[in-house]
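First chain written, first letter: the chains are A, B and C, and each begins at residue 1.
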Amino acid sequence: MDLILSHINYWVAIALMMIGFYALIARGNLIKTIIGLNIFQASVFLLYITFGKVSGGTAPILQKNTELYSNPLPHVLILTAIVVGVATTSLGLALVVKIYESYGTIEEDEIAKLDAQEEN
Amino acid sequence: MSLEIYIDLILVIFLAITGIAVIYVRNLFAVAMLSGIYSLLMASIFVVLDAVDVAFTEAAVGAGISTILMLGVLAITGNREKVSNKSPILPLLIVICTGALLVYGTWDLPIFGDPNAPVHTHVAPEYIANTYKHTGMPNIVTAVLASYRGYDTLGEVGVIFTAGVGVLLLLSRRKTTNKLNQKSKSEDQS
Amino acid sequence: MKHHIVPRVIAKLFIPGIILFGLYVQFHGDYGPGGGFQAGVIIGAAMILYGLIYGLNDLKKVAPSNIIISLIAFGFLLYAGVGIVTQILGANFLEYGVLGHTQKEGQHIGIILVELGVGITVASVMVIIFYMFAGRKN
């Protein structure tokens, strides 16, 4: 039980990463792919924040009578990564809208079929 | 073991279930809502793990803005995912192999919350000890973000600026209609 | 959403509160959780809520898109400008100590200005992205 409790966050982070990875490589729908990318991203955030936790510590905001704080550095890294993540997601979604407007579909295989038709 | 580790355990299990549901559900509106729930659960986990600033951002960005953007795009593109006839065996194999390798790697990681892990012994104590002396700011995360690592944050703002300009460039022009689009539109109407 | 009375009334009640909370998060970020990134997203979300409930055209009357577009650049330039000012005052780029009489005071002024720049850019990018996606439907 101790082993599970001490590693569960790493394993869940890996499981989520693999779920996102699967959505990226196996699904042809472009929106599903972007959501997979988001899940992948969030799992990396979880991994970093898990590293920063000190058991018995509190949030890294200095106050009197507290000695033990969790590590603030992963928090800084991930804070900016989240906002950059939404920026890249919106850029990806803009590309999806563009693709939909010129092909009429957001399924990868149909787009490839239309491209092949155009070449012939 | 303290109580917070059990709360964390329950929340990560919920998180994993939501993640699996995102893959299985084919209605994309439901998937967008599920990814909002996923972000909210993630934010709760961040609170349990003491990352209050990060939790704040994740709740506002992941559960708020991202979901709205997804729904906005789905309103344009429609919400059904086509059932693909591709075999899922090869992707599953790749995913399971990669996952197994990563799990093998976790045996070397420090146990959860260990105060003597390398990450807590090198740079972080300096920041915790000296931030108030240098900047007069109790919130270490803000101090590191804006003061010690001001260059990086300037770069991040540059990234957001670039993304905004990118979306503007992609979508602010009038709709370009080409032959394929017109064909599919006339098919829709007929 | 224009004809649903419940969301319209609730939104009217909530939006001022959300914006006030955003400003609190913006300027209290040194002492509690928060800062420019979070505040920008919260204020952006308040404006997007207004747009969702009352329609895109009403939101564009409140926040015309050319002003929002110039605010994106303004926030970024405010951040970089603080760096230039510290250079003119004889310190390194983004070394805030010289902005005030004491080191701590300078740090305070510098961080508040920089966070304000971050907040303005993030909020206006969120709003402009919403404009682009929502305006595409018609």
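The rule is simple: a contact is a pair of C-beta atoms (placed from the backbone, for glycine too) under 8 Å apart; a residue touches a chain by one contact, two chains touch by 3 or more.
Values in this document were obtained by computation on a predicted structure and should not be read as measured data.
A.B. asks: Does the chain-touch network form a line, ring, star, complete graph or other?
C.D. replies: complete
A.B. asks: Sort out for me whether A-B or A-C is joined by the greater number of C-beta contact pairs.
C.D. replies: A-B
A.B. asks: Taking the mean of the C-alpha atoms as each chain's centre, how many Å separate chain B from chain C?
C.D. replies: The computed centroid separation for chain B versus chain C comes out at 21 Å.
A.B. asks: Please tell me the distance, in whole Å, between the geometric centres of chain A and chain C computed from their C-alpha atoms.
C.D. replies: Those two chain centres are 24 Å apart.
A.B. asks: Please compute the C-alpha centroid of chain A, do the same for chain B, then give the distance between them in whole Å.
C.D. replies: 4
A.B. asks: Going by the contact rule already set, what residues in chain B reach two or more other chains?
C.D. replies: Where chain B meets two or more other chains at a single residue, that happens at 52-53, 57, 61, 65, 69, 73, 76, 138-139, 141, 145, 153, 160, 163-164, 167, 170-171.
A.B. asks: For chain C, write out the residues touching at least two other chains, lowest number first.
C.D. replies: Each of 31-33, 35, 37, 41, 122, 125, 129, 132-133, 136 in chain C touches at least two other chains.
A.B. asks: Could you tell me which residues belong to chain A and also touch two or more other chains?
C.D. replies: 59, 61, 79-80, 82-83, 87, 90, 93-94, 97
A.B. asks: Taking the touch rule as given, give the residues of chain A at its contact with chain C in the complex, in rising order.
C.D. replies: Chain A reaches chain C through residues 59, 61, 79-80, 82-83, 87, 90, 93-94, 97.
A.B. asks: Looking at the complex, which residues from chain B come into contact with chain A?
C.D. replies: 1-2, 5, 8-9, 12-13, 15-16, 19-20, 22-23, 28, 31-32, 35, 38-39, 42, 45-46, 49-54, 57-58, 61-62, 65-66, 69-70, 73-74, 76-77, 81-82, 84, 86, 88, 91-92, 94-96, 98-99, 102-103, 106, 109, 111-115, 117, 119-120, 123-124, 127-128, 131-132, 138-141, 144-145, 149, 152-153, 156, 159-160, 162-164, 166-167, 170-171, 175-178, 180-181, 183-185
A.B. asks: Once bound in the complex, which stretches of chain C touch chain B?
C.D. replies: Per the stated touch rule, the residues are 25, 29-38, 41-42, 44-45, 48, 52, 69, 72-73, 75-76, 79-80, 83, 93-94, 96, 103-105, 107-108, 110-111, 114-115, 117-118, 121-122, 124-126, 128-130, 132-137.
A.B. asks: Which bits of chain B are touching chain C when the two form their complex?
C.D. replies: 52-53, 55-57, 60-61, 64-65, 68-69, 72-73, 75-76, 134-139, 141-143, 145-147, 150-151, 153-154, 157-158, 160-161, 163-165, 167-168, 170-172
A.B. asks: If you look only at chain A, which of its residues touch chain B in the complex?
C.D. replies: 2, 5-12, 14-23, 25-29, 31-32, 35-36, 38-39, 42, 45-46, 49-63, 68-76, 78-80, 82-91, 93-98, 100-107, 109-110, 114, 118
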